[in-house]
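Structure record follows, encoded as structure tokens.
Labels for the chains are A, B and C, by order of writing; each one numbers its residues from 1.
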Amino acid sequence: MGAEARLAELGIELPDVVPPVAAYVPALVSGSLVFTAGQLPMVSGALPATGKVGDGHGLVPADDAQQLARVATLNALAAVKSVLGSLDRVTQVVKVTGFVASDPSFTGQPAVVNGASLLLGEVFGDAGKHARSAVGVAVLPLDAPVEVELVVAFE
Amino acid sequence: MGAEARLAELGIELPDVVPPVAAYVPALVSGSLVFTAGQLPMVSGALPATGKVGDGHGLVPADDAQQLARVATLNALAAVKSVLGSLDRVTQVVKVTGFVASDPSFTGQPAVVNGASLLLGEVFGDAGKHARSAVGVAVLPLDAPVEVELVVAFE
Amino acid sequence: MGAEARLAELGIELPDVVPPVAAYVPALVSGSLVFTAGQLPMVSGALPATGKVGDGHGLVPADDAQQLARVATLNALAAVKSVLGSLDRVTQVVKVTGFVASDPSFTGQPAVVNGASLLLGEVFGDAGKHARSAVGVAVLPLDAPVEVELVVAFE
């Protein structure tokens, strides 16, 4: 089953491509790879939550952040589709980088970025397996809790 | 018009390649891509400003940081030229990653990294369009306010 | 001399591949490149040290962190070998990204990430030269002081 059929089966509708917040493009093809811009978890043009991820008052809980990583990844897939026409052309997700705006005491970045990894597995199956880095950064654009970028291979 | 002619028209003279501050090279060719090292906004061997970007006493203002991102990108282009011989060989800027040493309350990384993106547009035109990630990190080497790395395609 | 013989001469035995701490793979081949996941300095399944790098009480000294970057890079090489079969197939180390969990006042990330760069030079010689970015992040998974990812070319 192709990725587009899988998305339909999962009941997932890709969002519109999020317009870049600055002077760049959402995704770009080079050779057999697509590089996406770092994607924020925008929903209909706004961030559903802002702030640093961690445990405690005023912080974004890890479970919420995992869901936001999933949303950011949907935006990344929309960006990929915008340059490939169809996600069925994706042959392999190659690399995922997940930046988590983190309270300095929060060390659960891997679980947060699993919001991206699990979605990619659901949509692409074996072709969704990827190398991945998860890091905890000081702060992200617009005070987003997470930012996700992808490199995918296609035919 | 090629990138070298465009640089001349813009009155931009590329700096000398900044020697790596450690055991690596400024840029490296792999296949049809050039990967640059992360470039700091060094000018004649020194950083014009240091510290974290943000609003308030003792912080580097966002406008200054945008200019520093432009300087770091000039250094990155010098590194690219050092391995390609001429920037006219660049067919596409593929990916820009901009790290901004950020006060935790500063969320304007996209505008800062526009210092890189706008320069690339000026120099390369359509070929300067790129995917991009901008993140706010805790601190950068030598207390630099920004660090910029590029991936470019060439023929 | 090939990389495997060089490792033997150096008395270095690669560790077992560190199982990913989440839903991804340790390394992945795309075209003529291998992308590794971000590697932590795990030794036999545990981190020898945790915390932020810097000078002062409760921080990980830079010298220790440099050694940890070397360990993380050994794990990255184990990941590369797991997909290539032998490190002798590596033709070039292309890109190293070193994330250093940093106290905001610590600006010596280049020396820390040299733990990665120097090892790669020892093992691969000229083919170990690479482009590199070193950044200081707020916090890393499992409170690791460093995380290293590689892109290498192979035949």
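By our rule, contacts are C-beta pairs under 8 Å (C-beta built on N, C-alpha and C of every residue); 3 or more make two chains touch, one makes a residue touch a chain.
Predicted model only: the values in this text are computed from it and were never measured.
Q: Quick one: superpose chain A on chain B by CA and send over the rotation angle as a multiple of 5°.
A: An angle of 120 degrees brings one copy onto the other.
Q: Are the two sides of the chain A and chain C contact the same residues or different ones, given that same means over half of the numbers occur on both copies?
A: Chain A and chain C contact each other through largely non-matching residue numbers.
Q: Centre to centre, by mean C-alpha position, how many angstrom separate chain A and chain C?
A: Spacing between the chain centres: roughly 24 Å.
Q: Among all residues of chain C, which ones touch two or more of the remaining chains?
A: In chain C, 31, 137-138 touch at least two other chains.
Q: Report the residues of chain A in contact with chain B in the complex, numbered from low to high.
A: Those in contact with chain B are residues 20-28, 30-31, 35-38, 52, 97, 99, 101, 137-143, 147, 149.
Q: Which bits of chain C are touching chain B when the two form their complex?
A: That would be residues 31-33, 92, 94-96, 102-111, 113-114, 117-118, 121, 129-138, 151, 153 of chain C.
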